[in-house]
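First the structure, which I've put down as structure tokens, then a few questions once you've had a look.
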Amino acid sequence: MPAIIIEQEKINEAVKTIMDLGGTGILKCVQCGACSAVCPGVKAGFPLLCRLLIKNILDGRLEEIIEESSSWGCQACNRCTEVCPQNVRPQEVVFAFRRYQAGELAISTSTTTSQMNLYETGHAVYSESSKELRKKVGLPEVPPTSVGDAKAQKEIQTILEQSPMGELGLF
Amino acid sequence: MAKVGVYVCHCGSNIAGVIDVEAVRAFAETLPGVAVARKDLFMCSDSGQEMIKQDIRDGLVDRVVVAACTPRTHEPIFRAALAAGGLNKYLFEMANIRDQDSWVHAHDPVGATEKAKKVVASAIGKASHLKPLEDKFVDVTDAALVVGGGVGGIFAALELANMGHKTYLVEREPSIGGVMAQLDKTFPTNDCSACILTPVMVDAGNHPNIELLTYSEVDDVEGYIGNFTVKVRQKQTYIDWKKCTGCGACAEKCPAKTPDAFNSGLSNRHAAYIHFPQAVPKKAVIDMGACINCAGRTIGSEPRISKKTGEPIYAPCEKACPAGAIDRSLALDPNGTIRELKVGSIVVATGFKVMEKENFKEFAPDCENVITALQLERLISATGPTGGKLLVPGTVNKPHTMTFVSCVGSRDERFHTHCSRVCCMYMIKQARLLKEKYPDLSINMHFMDVRAAGKGYDEYYTGARAMGINIFRGKVGGVEKLPGGALRVMAYDMEAGTPIEYETDLMILATAIEMADGAKELAQKMGLQFCGNNFYRELHPKLGPVETSVRGLYLAGCCQGPKDIPDTVSQAKGAAAAAAVPLSQGKVKIEPILSEVHPEKCSGCGICVPLCPYDAISLKPYADRPRAVIDMTQCKGCGVCTSACPSAAIVLHGYEEEQIYAQIAALTA
Amino acid sequence: MAEKLKMAFLLAGGCAGCEMALVDLSDALVDALEHIEVVFWAPTVADVKYKDLEAMPDGSIDLGLIDGMIRNSEHVHMVKVMRAKCKTLVAFGACATLGGIAAMGDMHTHKELFDQAYLKTFSTDNPDGVMPTPEYLLDGKYDLTIPSFTDRVMLIDELVDVDYYVGGCPPHHDFVGKLIAAILSGNLPPKGSWLTGGHAVCDVCKRNPAITGQERMFIGEVKRMVDGKPDPDKCLLQQGYICFGPLTQGDCGASCLNVNIPCRGCGGPIPGVKDFGARCVSAIASSLKDIETTEQLMEKFPNLAKFVYRYSYTSGTLNKKL
Amino acid sequence: MEFSPNIVGFACQWCTYAGADLAGNLRCKYPPTIKLIKVPCSGTVEPEFVLEALARGADGVLIGGCHIGDCHYKEGNHKTERRMLLLSKLIEDAGFDSRRFRLEWISGAEGKKFAEVVTEFTEQIKELGPNPIKAKGGE
Amino acid sequence: MEKIGLYLGCNIPFKAPDIEQSFRKVFPALGVELTDLPGAGCCPAWGTAPSFDLNTWCAVSGRNITIAEELGVDVMTGCNSCFGILSEAKHFMEKPDRKKAVNAILGQVGREFKGTSDIYHASNILHEVIGVEKIKESLKYQLEGLKIAVQPGCHILWPSDVMKVKEKNSFYPTHLRDLCEALGAEAPEYSRLEACCGMGGMRSTDVEKSLGLFTEKLRSIKEELDPDMIVTTCSSCFLQFDMSQQILKERGVIDYEIPVFYYTQLLALAMGFDPKEVAAISQTRRDGVIAEIQSEKRKINEEEPHGV
């Protein structure tokens, strides 16, 4: 395995990037590993979550791990946050890293699909077949949500278009 | 007009590396009243001090300002220099341009220099208005009080007593001994804790200069160094200790039960009980909270008369006592009695407590097979509830696998940020003892990192590895309860970077050391202060580790911060030596930074009287009118009366109004 | 018999209450007139014009008393004239020495004051919103002027040197009598002093716990005068009725306390106290039992500054709303 | 030039003054705006001192005392708390934004807190701008 | 009558509308009036805005919450993820800076987040507002003798500091067990009770890893309890348990299948509502157990019948 080369500039930049994106607790981490001990993602086999992800960032290795899919295996269960003795809120770091990845479009196609669904209907998960199902259980075909509400969709679209997500050209 | 000498210190590069010392000196020279302004590499050095003395002897200066570090450490040094030069030592003022300037403003040298000028000007302003003051001396009561009868308190008391000072040792439990008495063995020597502690306890109990006041608590402390008046509440024992022989017959017959705190709640004791078998003094008490008043014998009631025999019916404890020490007919005061002690110095050694497992939700605190390390200590002790056999509480079986978890509540923002310092070592001790006794037992230890700084400690730790104890770096994140009482540990292997999951029979939590119950209340009674992590604050972390900000009050043991037995004993002996100083001198100096009433300005309104926290102020006739007067020996110079006096008749020497106005003027110039 | 002492009295911005205190001397004043010649007493008592005073030679008057504060350009002018004409000048009464009641106006801006006076009050009928203008041309030919407001209320000694100070709103006539006698006898302290007994109202108050043999205790409940009826024998402060007796020069003989009214500080602070209100806050807050009582005080006296600076705002450290 | 506030601090020698020293030991950075006047207890501080500092043009005044319950003189800080509650009202009535005046409990162990308080107070005063008395040319 | 805003999210109205229907039946019958939140959209799901930009996340969540604020009601979600997302977003917006920034975005669509509506999960309302006693009283069938494995799911447990209603110990949750026991059933602890089912981002990122986690959890349930059914209050967990058992079966990993219900479906059945409306869509076969639940022998004798 190649040695990690420590460069202060890279470390500073990595930490700042993650903190700016919401992983504000990262510098408090003492690498005790309690987060990873309870993380379902780590257990399932996504190595770069919680402690190891934080360690990589603290080593300045943002670019090196940009294609890493582990972060997208995070269940957002926040169990790490509950056990962290330093109030790092590791999940926020994972999500900050995701945002870093997303900003570079290092995302999967399924992720892209959800964004487009959200933009078009206001729902990340939607299928036409739902109409049948709803009818079957005695509900109106269209629920009283944004899916059948043009004004609501416009609002959601306005929010998304102006956001950094809009700038990525996902919609 | 005052002739102020200003001396600016470089403090090597500590100050000069940031602040333009010459600019500050030159600026000081321009200020009114300044006679000379000089600078030196180290003002506190002999040559620096000599510079001041020479200027005084030459008649150049009659007020001195040193711009250097903090007066909290260096004021006494320079005051001594003034005295040596022949000037009243209170004609001195310090400008703090290191701790509160160069060290914190290194990023802004220009701003730091400007600030230094202002701070120096402020000191000059104050110095110009300083007045000479004289130290005062009062006699000392040659007796000491030690609060807390754990190993620290015992040693502090023995040292003081051996130096020939009458010493009172106050302990709130019925026996001295503290937490050390609960321990099985001690690291890194594996000495039996009771074997080394018991003789010392007996020494303390028999020493002619020591008076044990067990089952007692400090109610109130008044006075000052050399002359404290302490009220000690001796709690009600409900057993006449003059008669009690400690035979334990009452406890044997008592039917009432309550969790035994000495066994960390792992077993029960009776309401009538002796604290533990090696107790000193070996006396029984009745815990009224647990007593069920057998035969309707509430305290102070007459016994019922048996219809059958016509004889009075006594409670079992009364009947059992061969010494006749229990008489429930007596209307004993549940509040006990108050003893007033006069002492010259006080050592506080109130110890600590460990956190209970209930605080730690991720470790299944409701599961019987999760216990604290102190509970394990009782579980493996020959005097413990199982006679020293390791049995899993929930199953009463010998465990196959056990797990130690470190840093439970320590180094954790949710609880305590401090390291409890002893957990790594006592867990290793426990693991080693168990591995020796049960070689087949699989022992897994989980540390954030192992802290084994101490003589022989690291060898003790590496030896544990060699014994086949599994040691993992990484914190345990949680535990799942399996049917049948076993536990599934969710841990992490920091080196491998992977989670660890396995089943265990017994889980030991090394819970944090925290301040003892009642420590806060005691602090308020004594004027002690706390550090950020709720231990008593010492005067200085390095130079005053046993002293406190209250003169005459000294600290020993874990009340000042977590420590092991050798460190506690060392500190106790140090505290005893410090506490003996005023007692040996016979007199103590009182600094004249005290408040004084100008009787001719006082209007006798009496606003100040209830204000004084030390009851130092009273109204006495002066030219036939009631006027306030302050008792110099009671006053501690807080100035709370000065700032409240509606007639501006009270002056706080050393902090007079015109001095402070001069500082304000300088800082806003 | 020696020549009569020449005296002048000027009322600057005030209510003429201080002149009433002088008149209250009654017979004593008449007796004093044997030794005194009043050369000027305007605009209240004697028909002497400003220009008459201006015409007198400088230093020709032995003693001048000024009551009232400096509030407008006319006061500024006349105070300067008085200083020039009088050998000894006394600032007389709370307004002249401390700022007095009117100084509380300086807790507001001029605009707030004028709006209140000329537009907002219930009885004002001013549909065109006419405001006083210092210079006004009537019918295009008559040049009319009225004095203009000063930036804030000023004390006499802010404008000219003052030789002696006398507090009180008004000064108690007994004390004034003693004062006149002292002046006549020439038995006076160094210039710049307050002419005062030097002790607080408490020292002359018969309710003072120290005198009645009681211990002063912390105040457990703050009361206003509308809250029940105070015990006429016990210290009002002790009963919770906030009283400034401990802070105020007691040359009044505790007159208010004698009729069951708490002291409000007209005598001004004891010499040596820099700021009456701030010292008051310190003394009173220290005497309250706890923070809850302090909050109670703030509730009961919502306008705290006007309460503690009733007579002394201008003499205080911060004396003008910025 | 950027406005750098001048803050006068009154610091209890047992807590805040010690805390400021500790900030030095820990090399905590904060702006050189505050200059401390050491007093035995926050209860020593006369409200008149605070007014005097403001009247002389200080942009901010800080009083630092021990946490309630931790007073070296038992309850001096209780008195401070009550006095300063009232004083803050007087300051407001005098036309000052009472945010220029602060009472903070900073223990001798809270070096970091001292630095944070000063930094934050400095920022706040920067927002408020210079003492209006100075703007008037002083009195 | 208590009134609360029913926040539907995505999974429930589009994939399991029988759960929606069970809400609409059960809550009014228990005295809680449901108000629709017209125009509410996605919470937004973890993989969408939260993975891109914090303020956008808060704005989309905030928009949903403002609909409830305008109606003056609190929000009730049926999906754990929606609950977690909305609770966290609200927590973020408690910081004035964040609130200001988000309101700057919301202002452009004519909305303002005030923070006046709280976020609850359906199980919070059942456990804390309605309470087990009232549930017991409303039953038409009792479930005695049936054994339930509960699945509370993750997002209702952590991070507990952002939630209004908290479990006494979030690592050993009891609320859902209490609710199941209120029906007369047995709902014992099992070792992986709090463990993750593997749904969510993990499943869309790597199905095999997700199934690995799921298998472990399912084994703990089967081996330790061998229950008659699995009951959850998370729509994502519901989908995982419902879909993935089939996959494991097809692969021969398991040779059994445990029926899965959302809690309010089971409650609706016990209250006598029509299974064709409230428990009609699933991959696991539930007919047997539904028939068992609504069998004559389980009927509670009472004078007046409930519901329908």
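Note that the chains are named A, B, C, D and E in the order they appear, and that numbering of residues resets to 1 at the start of each chain.
As a convention for this text, contacts are C-beta pairs under 8 Å (C-beta built on N, C-alpha and C of every residue); 3 or more make two chains touch, one makes a residue touch a chain.
Bear in mind the structure is a predicted one, so any value in this text is a computation, not a measurement.
Q: Shared touching chains for chain C and chain D?
A: Expected: B.
Q: According to the touch definition, list the chains common to the neighbour sets of chain A and chain D.
A: Chains in contact with chain A as well as chain D: B.
Q: How many hops, at fewest, get you from chain B to chain E via touching chains?
A: Each step joins two touching chains, and the minimum needed here is 1.
Q: When contacts are scored as defined above, which chain pair ends up with more C-beta pairs, A-B or B-D?
A: Counting C-beta pairs in contact for A-B and B-D gives the edge to B-D.
Q: Quick check for the class: compute each chain's Cα centroid; which one is farthest from the centroid of chain D?
A: Max centre-to-centre separation from chain D belongs to E.
Q: As a test of understanding: of all chains, whose mean C-alpha position lies farthest from that of chain A?
A: Chain C.
Q: Which chain has its C-alpha centre closest to the mean of all protein C-alpha atoms shown?
A: Checking distances from each chain centre to the full centroid gives D.
Q: Distance from the CA centroid of chain C to that of chain E, rounded to the nearest Å?
A: 75
Q: What whole-number Å value describes the gap between the mean CA coordinates of chain B and chain D?
A: 30
Q: What is the distance, in whole Å, between the centres of chain A and chain E, each centre taken as the mean of its C-alpha atoms?
A: 22
Q: Whole-Å distance, chain B centre to chain C centre, using C-alpha means?
A: The separation of the two C-alpha centroids amounts to 56 Å.
Q: What parts of chain A, by residue number, touch at least two of the other chains?
A: 43, 79, 82
Q: Could you list which residues of chain B touch at least two other chains?
A: Answer for chain B, listing residues that touch two or more other chains: 362, 478, 611, 640, 643-644.
Q: Could you list the positions in chain E whose residues touch two or more of the other chains?
A: 170-171, 195
Q: Touching pairs of chains, which are they?
A: Applying the touch criterion to every chain pair yields A-B, A-E, B-C, B-D, B-E, C-D.
Q: Provide the residue numbers of chain A that touch chain B in the complex, in ascending order.
A: Per the touch definition, chain A meets chain B at residues 30-39, 42-43, 47, 51-52, 79, 82-83, 85-87.
Q: Hey, which residues of chain C end up touching chain B in the complex?
A: Spelled out, the residues of chain C in touch with chain B are 198-203, 208-211, 215-218, 245-247, 250, 270, 272-273, 279-280, 282-283, 286-287.
Q: Provide the residue numbers of chain E that touch chain A in the complex, in ascending order.
A: Interface residues on chain E, with respect to chain A: 8, 10-11, 13-15, 17-18, 20-21, 24, 36-42, 44-56, 59-60, 63, 81, 84, 88, 105-106, 108-111, 154-155, 157-160, 170-171, 195-196, 198-202, 204-206, 209-210, 212-213, 276-278, 280-281.
Q: Touching chain B in the complex: which residues of chain D?
A: Listed in rising order, the residues are 4, 6, 8, 13-15, 17-18, 20-21, 23-25, 27-32, 35-41, 43-47, 49, 52-53, 56-58, 66, 69-76, 79, 83, 107-110, 115.
Q: Along chain B, where are the residues that touch chain E in the complex?
A: That would be residues 361-362, 364-366, 478, 480-483, 488 of chain B.
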